[in-house]
Amino acid sequence: MVFARVQTNDFSQQALYDELCGGAVSQGAGAIVTFTGLVRDFNAQGGIQGIELEYYPGMTESALNALLTQASQRFDIVDAGIIHRVGKLANHAQIVWVGTASQHREQAFLAATFIMDMLKQSVPIWKKEWQGDQATWVVAKTNDDKAAMRWLSENQDNACD
Amino acid sequence: MVFARVQTNDFSQQALYDELCGGAVSQGAGAIVTFTGLVRDFNAQGGIQGIELEYYPGMTESALNALLTQASQRFDIVDAGIIHRVGKLANHAQIVWVGTASQHREQAFLAATFIMDMLKQSVPIWKKEWQGDQATWVVAKTNDDKAAMRWLSENQDNACD
Amino acid sequence: MVTVKFFAQVREIAGVDSLTISLPQPPTIAALRTQLMRQSAALNDALQGNVLMAHNQTLCNGETKLNEHDEVAFFPPVTGG
Amino acid sequence: MVTVKFFAQVREIAGVDSLTISLPQPPTIAALRTQLMRQSAALNDALQGNVLMAHNQTLCNGETKLNEHDEVAFFPPVTGG
């Protein structure tokens, strides 16, 4: 049902949408939410020339699958998927895709937000940014910690109540 | 920049994604959120055989555009689009697509949630469900009113604080 | 004259998609609605209860003032999306 | 023996991707980390400060007990997505 993959090659929006919906519609899904992260062409210091992503083969895939299991237990979703690219990526390239399918739009939105917030805090992937021939490791953002903490400090399924 | 269309024909996930990203990446978009609503094959009374959507030509398009303007003023997004189908739609067909592009994922998620919540309450479109040769108008849901009210009662940009 | 449009259940119960009618006195949507409801049993049924109103394609309330050639619409709470 | 892996800045500063080392005494990740930091200036620099730890590919803390053939990893806070 759920799917999680780490890959170097690009992904197709249509193919992933179709993969997610394949089983989901027969389970009553009426709401599909997707998130796509793209390489931005700048950071706080100025323009950049692409990024490079490192991962921990084995653990990264396990962490992504564990995240989907958590999301499925916490939210009323019928399917979900994550694709994360690694290696060198050019400016504007697709980095990550998350999709959720639910009977209810609120649950689909919450599950997708949860997956992205937790992914940014708990899945072993590291990013460096290229400026000229210099690559600099990105420092983890306090904002991302806060976004993840919001979910950890809650007993409710709903981030907004 | 923003786009809103009412149409009878189906839409392509890939084409809409590409249309949304076209201008958005050069404006620093790093986060794309999409929502798709599908026809479910059941309601509280049992199985259904498709739906039929009526709209108010002229006002529906204006209301969708006004909603995109509101979303652009309220959230930090660089682009957004809405496609809504009308006419007869079979079970599992795509009904509505909303896409938002932002520099920040939280704003993209909030803007897409806001657009769907407000669309369900303020855009003149009406749905009937077919069961055999009987079509029954769908009654507006209290839940949808509550979802929209949440945004109207807030001074903050963020539904979760 | 103002143009009046009906949609969804309201249209089906009224048995008419649209009609034209002379400006009511006072020239408000509330007065127009009352006038229409007196016109026929079908319109009376159609415009009862929780019916939304639009003036020149913008949602409005009963106080809204009407002018010649305005477009008014009556319809049930929306259920799109 | 346990296998130790390093990632991202930690890997670059350590100057090594992975190594094997005999089980420390006491057999905890904290003891392993101290032992590695004493081994070279590079490892000392690499394992200083805010470094996350994984035990058999699950995030853990310094108290975690180690067994023969376990896999341990040290890396900086993650920045994917």
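For reference, chains read A, B, C and D in written order, and residue numbers begin at 1 within each chain.
Everything that follows uses one rule, which is that a contact is a pair of C-beta atoms (placed from the backbone, for glycine too) under 8 Å apart; a residue touches a chain by one contact, two chains touch by 3 or more.
The model shown is predicted, which means the values in this text are computed figures rather than measured ones.
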Chain clusters (touching), chain B not counted, are A, D | C
Going chain by chain, each one touching the next, work out the least steps from chain A to chain D. 1
Counting only Cα atoms for the centres, state how far chain A is from chain B in Å. 22
Could you give the separation in Å between the centres of chain A and chain C, each centre being the mean of its C-alpha atoms? 48
Rounded to a whole Å, what is the gap between the Cα centroids of chain B and chain C? 26
Based only on mean CA positions, could you tell me how far chain C sits from chain D in angstrom? 73
List, in ascending order, every residue of chain D touching at least 2 other chains. none
Contacts with two or more other chains occur in chain B at residues 37, 116
Who touches whom among the chains? A-B, A-D, B-C
In the complex, chain B touches chain A at residues 12-14, 17, 21, 25, 28-42, 92, 103, 105-106, 108-109, 112-113, 116, 147, 150, 159-160
In the complex, the residues of chain D that touch chain A are 5, 7-9, 11, 54, 57-59, 73, 75-81
Under the stated contact criterion, what part of chain B meets chain C in this complex? 37, 53-56, 58-59, 62, 84, 95-96, 116, 119-128, 137-141, 144
